[in-house]
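Below: a set of structures, written as structure tokens.
What follows is chain A paired twice: with chain B in the first complex and chain C in the second.
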Partner chain A sequence: MSERAPRLLELADDELVLGWHESEWTGIAPTLEEDVAFSSIAQNEIGHARAAYELAAADLGTDADALAFDRRPEEYRCAPLVELRLLDWAHAIARRWLYEEADAVRIAALKADTDPELAGLAAKIDREEAYHRMHAAMWHERLRHEPRFREAVEELWPYAVALLPQELRPELAARTGLALPSDTLLQGKERGEHTPQLAELWDEMTSVRRSAPAGARW
Partner chain B sequence: MVSVEQVWAALDEIPDPEIPVVSLVDLGVIRSVDVQNGHVYVELTPTFLGCPALETMKAAMERKLSGLGVEPEVRVVSDDAWSTDRITPAGREKLRAAGFAPPAPREASTPKLLQLQSTVFRCPYCGSTETRLENIFGPTPCRSVRYCESCRQPFEQMKTL
Partner chain C sequence: MPASEVPRDEQAFLDYVQSGGKVEATDWMPDEYRARLIKFIEMHANSELMGVLPEREWILRAPTLQRKLALTAKVQDEAGHAQLIYRVVEDLGKPRERCLEDLVSGKAKFHNVFHYPTRTWGDVGVIAWLVDAAAIISQKALLKCSYAPYARIMKKICWEESFHILHGRDVVLALVTGTPAQFELVQEALNRWWGPLMQFHGHTIPADEDPMVIWRIKSQGNEEARQQFLEGYVPQIRELGLEIPDPKLRRREDGVWEYTEPDWDELRSVVTGHGPKTAERLAFRRRFLEQERWVREAVLAA
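Let's turn to the complex of A and B:
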């Protein structure tokens, strides 16, 4: 495996799985505006996943669809934060905000990479994520004093920290103003571990692909 | 033998699948055209990476160029070199005439919420800048929804990328 492939797969798997979960709000979000917002965000995240899979696929001698759908659930490199199925608005917004904050730190690091393809893709993704960050910041501003939202942030904060490698965690803490959690709180939430929700999602997400293994023609 | 100019002219006849008043050339998504020994190499950049129209655009380009009797090879390039600043002046005018406010110029840093919430964006219908942000997101990822306080008309604003 090339040096950059694991990093690309982490990014792509996070964005694919999160995009899938965000799309679950299509049609049932509390307002029409949020229906539209979550649908667009989901579409963008899956677009980022596709671009990152394509770059990784070129290194690995495969294609983007095979990386997205032909691996076993335990082979995915996504972080537990994105696997959680959160059909509760306080948690959904808390994760949106925390994910975008953590992703901003990761994307900034990728933009500074010496690999021009990686840095170029990260810069393109960053321009799009700026709109996700604004949306998340707007909701954070609106809900940050609400007890349900605060509890959701507290619950999901260790997951958000665990999404990043050790060296980037202090920067996330500085951005959000939250204190880094203890090692005990990070248990079961680190990248490389998976929640039971991933297998459920995988089953749904790959069902069409598995029903036509030779590749469906539409 | 087909010339580079003929290829550009042919591509300029392909409408954007989502906003057909502008062509792919107007939109600035064609990065480069190269003709070599009967092969045409075209580089295409998506506006947003998740743009569902990308495959449609690619197929339309291949069809059009095959019609010129050449072998087209369309390559998708996804990096930060493309921005909404690449929309041509003619493209911006066509967008405005169709009721889409063209994007603001790109700045070095990514846009901030305060900028989007400011009243500098001009209504494509009446020209007023008394407009407010309704929703960062719209019918497609590349658009936001704004409302004009002056002519009381909602309108779509192309996002700056």
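Let's turn to the complex of A and C:
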């Protein structure tokens, strides 16, 4: 595996899995405006995943769809934060906000990378993520005094921290104004570990594709 | 703003719309006209919203990244259409919240095709291609609607729906040229969807007896729409090697399509809330409407 492929797959898998979860709100969000907004965000995330898979696929001699669909669940590199299936608005929007904050830190680091393709991809992604951050910040502002939103943020905060490598975590804490959690709270939430939801998601996500022999056109 | 030309008298108003006159939200209109508009447009909005649910289930299962993106975009369009159309209803005097309450309580209706299950990936192609094709025929006729705000948003909607048809046809094309099992996904879906598709445009009512045509809300009769659908799509379906499950279907020399009488009892039963998926989908939508009420309240209070 090339040196940058694991980093690309982390990014791509996060965006793919989160993109799917966000698309699940289409038709059932609190307002029709949010149905449309979440769907739009989901499309961007899946588009980012595709761009990152394409770059990784070129290094690995495969294609983006094969990376997105044809690996075993345990081979995915997504963080547990994005795997959680959160079908209540307080949690969904808390994750949206936390993910965008963590992603901003990650993307900034990637933009500064010496690999021009990696930095270019990050810059491209960042242009759309800027709108996601505005959307998330608006919801954070609206709901930050709501007890159920605050509880959801508290519950999901360790997951958001665990999405980033150690060296980037203090920056996330500074951005959000939240204190870094103890190691005990991070257990089971670090990248490399998976929640049971991932296997369920994978099973459903790949069911159509697996129903025809490998190489079938869809 | 120029003074409205719309006459403030019921008979004169009728003459006005029948001679091609357009009505704006701020104009005077007869109560019957307003009531019929609200009922019709609200059902359209409900259909766009409920139409999200059968396809939404398949976004996760889309077999390639491209299909996932295309399907997500299509479903987003439907939600966006619902938003636009509910706004037209709101301007006519019925708030969105009340439309949604009437929808989830089963009081308001939505189109027959959204009461059925989507069983396979074949359904995803058949819905986007043929259900949207049937819908766009009705919607194109609404471009001439006497109520101008509705006609205006229909332009954007028809434009987007035409992309859905292309997406659907592309999904179908990939399957019919794939493995025999993939071909069978489409044929089996078509077998299930043909009945609802033939019922979609409704009973054959002569246009001059249809109040929706009399008020120039609709500009074409139901049978005219169905004939247009058959004329446009039967040859395309057959060209792909698919079989249409109606032994009586044939095009007469005069160009009129003959077909087995659609099952109107099924249509009546389905649109009055007894379709195979009606209760489940309404319960699902109701669950989220209630579960997220606090969010709308929090936003309004802010």
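Throughout what follows, the second predicted complex is superposed on the first by the 212 of 218 C-alpha atoms of A that agree within 3 Å, B and C clash if a C-alpha of one lies under 4 Å from a C-alpha of the other, contacts with A are read in each partner's own complex, and residues count from 1 in each chain.
Operating definition for what follows: contacts are C-beta pairs under 8 Å (C-beta built on N, C-alpha and C of every residue); 3 or more make two chains touch, one makes a residue touch a chain.
All of these numbers come straight from a predicted model, not from anything done at the bench.
With chain A as the common reference, chain B sits beside chain C without any clash.
The partner of chain A that touches more of its residues, comparing chain B with chain C, is C.
By the document's definition of touching, of the two partners only chain B reaches A:51; chain C does not.
Of the two partner chains placed by superposition, only chain B is touched by A:120; chain C is not. Using CA centres, the angle subtended at chain A by chain B and chain C is 60 degrees, rounded to a multiple of 10. Legend: residue contacts after superposition of the two complexes on their common chain; A:36 is shown touching both chain B and chain C.
Residue contacts after overlaying the shared chain place A:201 against chain C, while chain B stays out of touching range.
Judged by the touch definition given at the top, the superposed model places A:211 against chain C, while chain B stays out of reach. Of the two partner chains placed around the shared chain by superposition, chain B is the only one that A:134 touches, whereas chain C remains out of contact. Once chain A of one complex is fitted onto chain A of the other, the partner contacts of A:69 are limited to chain C, with no touch recorded for chain B.
Between chain B and chain C the least C-alpha distance in the superposed model amounts to 5 Å.
Overlap of the chain B and chain C contact sets on chain A: residues 33, 36, 39-40, 43, 46-47, 50.
On chain C, the positions that touch chain A within their shared complex are 49, 52-53, 56, 58-65, 67-69, 72-73, 75-76, 78-80, 82-83, 86, 96, 121, 171, 174-175, 177-179, 181-182, 284-285, 288, 291-292, 294-296, 298-299, 302. The touching residues of chain A, counted against chain B in their complex, run 33, 36-37, 39-41, 43-48, 50-51, 54, 117, 120-121, 123-131, 134-135, 137-138. Within the complex formed with chain A, the chain B residues making contact are 46, 48-52, 78-83, 110-113, 116, 134-141, 159, 161. On chain A, the positions that touch chain C within their shared complex are 20, 23-24, 26-33, 35-36, 39-40, 42-43, 46-47, 49-50, 53, 64-65, 68-69, 88-89, 142-143, 146, 148, 201, 204-205, 207-209, 211-213, 216-218.
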